[in-house]
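The two complexes that follow have chain A in common; it is paired with chain B in the first and with chain C in the second.
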Partner chain A sequence: MTPFSYVRAADADAAVRHSGVDAKYLGGGTNLVDLMRETIERPGTLVDVTGLSAEITETDGGGLLIGAAVRNTALAEHGLVRRRYPMLARAIVAGASPQIRNMATVAGNILQRTRCAYFYDRAGSRCNKREPGQGCDAIDGFNRMHAILGASPACVATHPSDMCVALAALDATVHLSGADGERRLPFADLHRLPGDEPDRDTVLQPGDLITAVELPPLPIAARSTYRKVRDRSSYAFALVSVAAALSVENGTVTDVRLALGGVAHKPWRASKAEQALCGQPATEATFRAAAAAELAAAEPLRDNAFKVELAQRTMVAVLGELAEVEVLGGGA
Partner chain B sequence: MSGEGKGIVDKGKEAVQGVAQTVMKKAVELAPDSLMPGGRPDPLIRRQHGHIGKPVSRVDGPRKVRGAAPFAAEVALDGMAYASLAYSTIAKGRIAAIDTAAAEAAPGVVLVMTHRNAPRLNPPPRFLSGDKAAAGDDSPIMQDDRVRWNGEPVALVLAETQEQADHARSLIRITYEEEPAATTVATADGCEVGTFMGEPLRAVVGDADAALAAAPHKVEVVYRTPGHNHNAIEPHAATLAWRGDELFVHDATQAVAHTAWSMAQIFGLEESQVHVSSPFVGGGFGAKGLWQHQVLAAAAARLAGRPVRIALSREGVYRIVGGRSPTEQRVALGADADGRLTAIIHRGVTPKTRHSPMPEPFILPTQSAYASETIALEVKTCYLDMVANTFMRAPGEAVGTVALECAMDELAEQLGMDPIELRIRNEPEKDPISGRPFSSRNIVAAYRAGAERFGWDRRSPTPRARREGEWLVGMGCATATYPYHRMPGGAARITLDAQGRARVDVAAHEMGMGTATAQAQVAADRLGLPLEAVTVRYGDSSLPGVILAGGSQQTASVGLSVMMAHQELVAELLKLAGNDSPLAGLSANEVESADGGLRKLDEPGHFESYASILGRAGRGELAAEGSAPMPLETMHWSMHSHGAMFCEVRVNAVTGETRVSRFLGSFDCGRILNPKTAASQFRGGIIMGLGLALMEETQFDERKGRIMNRNLADYHVPVHMDVPEIDVIWTDIPDPRAPMGARGIGEIGITGTGAAVANAIHNATGRRVRDFPITLDQLL
Partner chain C sequence: MGIIVNGTDVALPDDPRVSLLDLLRERLRLSGTKKGCDQGACGACTVLVDGQRILSCLALAVQYEGRSVTTIEGLGDEGALHPLQQAFIEHDGFQCGYCTPGQICSAVGMIEELRRGVPSHVTADLAATAIPHSRDELRERMSGNLCRCGAHNGIMDAIAETYGAETHAEAAE
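And then the complex of A and B:
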């Protein structure tokens, strides 16, 4: 770890004032401290923002405003989250371990970085995300965990968060405080695809501070779920995950929210599948066609071709569960 | 030299040794039983109602729960500096330049050591190359600019704190001249038949290839297992100091005596100048031997004139401590219409380095598994530039049983036979290769008991017959096996005090398995004392014995050593007792230990307590030391433990996820000394076997020879939710040839488990997965 100075911010304005060129905001530290230990991140200053908003408040109209410093565990356990946005509660508890969730904050979870092993191996591997222009050792290396959608020749990393997959499906909004004051950003626009700037995970500018995440009132989300597929029962990143909310009336899909995790550089809103579902009969055939539409653009790598099939199967199973339509298991 | 292949002189020596060994072997095989260790069964086998067999809680438990058991990285020494290692990032070549200026100028730095300023050291003695050789790797340690594997230590920083050392280490800049490295079997630097303990890993009985060709039923399959890395909960560590020319090492090791001797060789010292203590070890599994970190720390301590603590990071363990090599195994079984095996072929390839003690000996479990007219076994090993491979829980058996026992399941399916009945039908009457009689073999009883308890009769022989919602449910079984070992060098001392209490001193190891507890139980029975009157001192190279906590042999080695010490003690006691004792005139073989003293066999009235004997002689204490004889019993009998492993899995038909829902291990390991600690050992082995089956895999990037998943987030081992209730039962039939009737139990749990899981997955899904681990993508 590289030596650094530490300040604790009293409020958002103070935090933004403290943020300099080489400053980093510190939430629970469950990812940032690891990155500092590996010398991937070498901030000169850590601005501790865990003392900032840790409230969850109901907005007019029945949405929720979630303070950036709310711990993951607190969010997952919140009664309104569990009732109105069950996919979010389930996504959070599907992630990490109880100890990590007790520490991790909402904003920290959103801004965590990829777990690509080549990104982490500063001493021995090339990575464009870590050192722009250096090259990518993952594209022809171990890439079982890597992206099948939206990747670029520069980077095939995935975003590791479970919580963010639900936020992407739920049309959340991010509240920001920055050098030019406060602003809001659709959550779906926060994270970037890698393109030729994979070192930029998000569109945030230096000094930008996430102060809150807002969930809109979304009745459809009361009937929603999150399903995560992984290599062991707990404490493993998603190979594929699906966040879904579905509304069916008289056998027809009237509304749907669908997002995927483990497949791309950002939480992947499955817009193509949503389009293919709306107004169609809630049948297995529809679900399969929608899943296939979403994955049509998939470009698998050496080790992750199975994700293309796995993502479709998991989407169909989740939609079937929400629609209470029996779907045959996968390749059965 | 090891690096350049064997010279003619070495080959000649080996040939002479080979002839001598063959003659010796024959003589031992033909000798009368009574001349062998175990020829007269240990009298403790007959003794019931003692401490042996009681579920005594571990004696070190309270200290560990309170955090009061100091591990190697927790021992604090005055003036201690902290070490941090920099590792190479190429697989082969030389260091062209190394810039340590920034590191040396960093806060708190005491010194930076590289090949340029490291003290001159002798090569580390490779494990198995001598009685007390301990090194897992005999490469020179920071002696030149050569790089031999990706991850080799190239610099060490000493600083006032661990954080300062780690930071300074990150400032070292190294330029390499890279050379082409052998990182795949296809580009290996030579291949040959492997050897293990000096013998070729090859066995031939009859013409197996011809028998296979002629067999009416046959399976020919290739199974692959990946590399595995060691992940004991305690990463390797040592805290050490020089006092003059003497070196004191607080180590985490499963070989205190070996380490002391080997460190002495490396530093050019007398063995008596090195003191190694290791009272608590947070898991060994074969990895806690002598690696570069202890040597580098001692070298740096000498340079700095200060005590040093070195605690490897998890990455450090991956970089410098070897693991289990990958294997590619071909198993071919030929059988007649009744399912009797006519051919067993088990051949394959596994990589190793020129500097490691042995290749992964995956044919070992096949050597005594089944009767067959013909057998052909061979391990071919290919030399790579990688971190030295090493011993990992049941080397050979853990992955060898994967191929053999899955192939047996495949044969049973083809024959339409129950897989248990197929195994029982092929039970050998004597060792199928050596022809030696079995000391004790109750595998059929273990299968029968396990099948009944597990509900094997509810298994459908037809795959994919049971489905619950998305989940396909299946059952499988496989045989577990591990040999009884006892290595030369066992010795122990018993000291009685004036109150008649006993202390056993033995250079053994407590790595979490319950050694101190079980040995106190055995010693209490041996001496006829209550458990509270016996203490066991262990984990220090100053104590008697050269005893490795490896090969599941420590219990036998210590047990026999204590038995020999007890014989000496009884003789001494009778001498001390003299003519005024009720024991007067009795010889050692006319008395036994009981009730805190000696009594005449069959005439318990002739008795005198230890306290009385010592008191009358005016002795404050009486010590006796004994040495175990050479372990000839394993050359006279075929001695093996077995287990019948039963697994139930649920495989998700949508996602391919496998969840083990039930597991039962039914063991035949001789007498169980402590059911509580034994059950833990069995379960721990099985859990490790579940990891082997479903998730453990070293990601070795062949482009650079670099291990990529060098942490517990990326290298998966089972978490609690992956582990179901594990039932363990045992026959508890004593082995008449083993001390206490007990064969080792530390490793057998991991054997057979992988195959039981794979066979259950086949029963659930109809899929045969032959590439381990069995990940969900193979079941989609």
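And then the complex of A and C:
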């Protein structure tokens, strides 16, 4: 690890004041400390922001305001999250391990970096995310875990978070504090596609602090879930995951929220599938067609073509479960 | 203020790079807590902070100023084993023993989470406040602790017996 100095910020204003050119905010440290040990991140100052709000409060309209320092376990455990946004609780407990979830903060989870093995291999691999312009060893390498949607010739990495897939589906808003004061950003606009700047995971500027995440009131989310497909049944990153909320009236889909994980550089809101579902009969045929519409643009790599079908089947299975419709020979 | 380790106030390291794990092992010579991967993947370094289980390898010691850390040395000792330690012996919950301190600290934190009603990946009913102490629940909740020797069945039996869930033999009946 490169030497650094450590300060603890009592609140958001102090945190922003402490942040300088080579400073980084520190949440639970479960991603940042690891990356510093690998000398992939080399901040000169760590500003500990676990003293920021760790509260979950109900907003006027019946949404939730989640402080940036809320631990992942505390969010998954919260009664209102479990009842009103079950997909979020399910997504969180599908991620990492209990010990890590006890440490990890909401903001840190959102800003965790990719698990691309070439990104981690500073000594032996080329990576445009780590060293812009260097090249990408994943594109023609072992890319089973990599992106099938929205990638670029510069980077094919995926965003590893489970929680973020639910936040994308739930139309969350991120509260920020930075050099120019406070602002809000739709969660969907926070993470970027790699384009030709894969070193930038998000649209945030240096020094931007996440202070909270807001969930809108969303009655449809009370009937929602999260399904994660991975190489072992626990403690593994997603190959593909699906967050979904569905409302069906008289056999017709009236509203839906759908997002995918493990497929792109950002949590992937499946807007095309949502459009293809609304107003249609809640049948396997509809679910299949919607999933196919979303994946039509998929560009698989050497090792991950399986994800294209896997993502579709998982979407169909999850929609079948929520609609209580028999799919794929027994998904419901 | 320092860190309280097993009831004793300990000075913080001057260098903020020192992990909680290295503070425990290298500076305090509390070598019960093990370093397996040093990157969050194995659980061997699990300790309790104010009763919550965390990974000491991904924790900077300075972050835990004023907090109370319990390691395996603080749970029991040779004359007075923790009930889980005794159960691990009785159920062959280890071979080499390297993962064992982490397993035991993890299980102590785990049962508090279960009693509090924290849901897990296998919890069927998210709205339920009381979660069954089933084998599936215990297994999922212990999945952050790997065992290279494959002592998992013994580990699960020791935990199940100590915390009143069905044992492997009962489940198989």
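The rule we apply is simple: the second predicted complex is superposed on the first by the 328 of 332 C-alpha atoms of A that agree within 3 Å, B and C clash if a C-alpha of one lies under 4 Å from a C-alpha of the other, contacts with A are read in each partner's own complex, and residues count from 1 in each chain.
As a convention for this text, a residue touches a chain if its C-beta (ideal position, glycine included) is under 8 Å from a C-beta of that chain, and two chains touch if they have at least 3 such contacts.
Worth saying up front: this structure is predicted, and the values here are computed from it rather than measured.
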Partner chain(s) touched by A:E309 [first = chain B, second = chain C, both, neither]: first
Touching partner for A:P3 - first (chain B), second (chain C), both, neither: both
Which of chain B and chain C A:P216 touches, first, second, both or neither: neither
Touched partner set for A:P281, first chain B, second chain C, both or neither: neither
Touching partner for A:S234 - first (chain B), second (chain C), both, neither: both
Which superposed partner A:G124 touches (first chain B, second chain C, both, neither): first
Touched partner set for A:V93, first chain B, second chain C, both or neither: second
Contact residues common to both interfaces of chain A (with chain B and with chain C): 1, 3, 37, 233-235
Residues on chain B engaged by chain A in the complex (per definition of touch): 87, 89, 107, 150, 163, 166-167, 170, 470, 652-657, 659, 694-695, 699, 701, 703-704, 706, 708-709, 713-714, 716, 718-722, 775-777, 780
Chain B partner contacts - residues on chain A that touch it in the complex: 1-3, 37, 39, 115, 117-118, 121, 123-125, 137, 140-142, 229-237, 239, 306, 309-310, 313-314, 316-317, 329-332
Residue ranges of chain C in contact with chain A within the complex: 15-17, 19, 38-40, 43, 46, 52-55, 58-60, 62-63, 106, 109-110, 113, 116-121, 123, 126-127, 140-141, 143-145
Residue numbers on chain A that touch chain C, as the complex places them: 1, 3-6, 26, 28-30, 33-34, 37, 46, 48, 50, 73, 76-77, 82-83, 86, 89-90, 93-94, 96-100, 102-103, 233-235
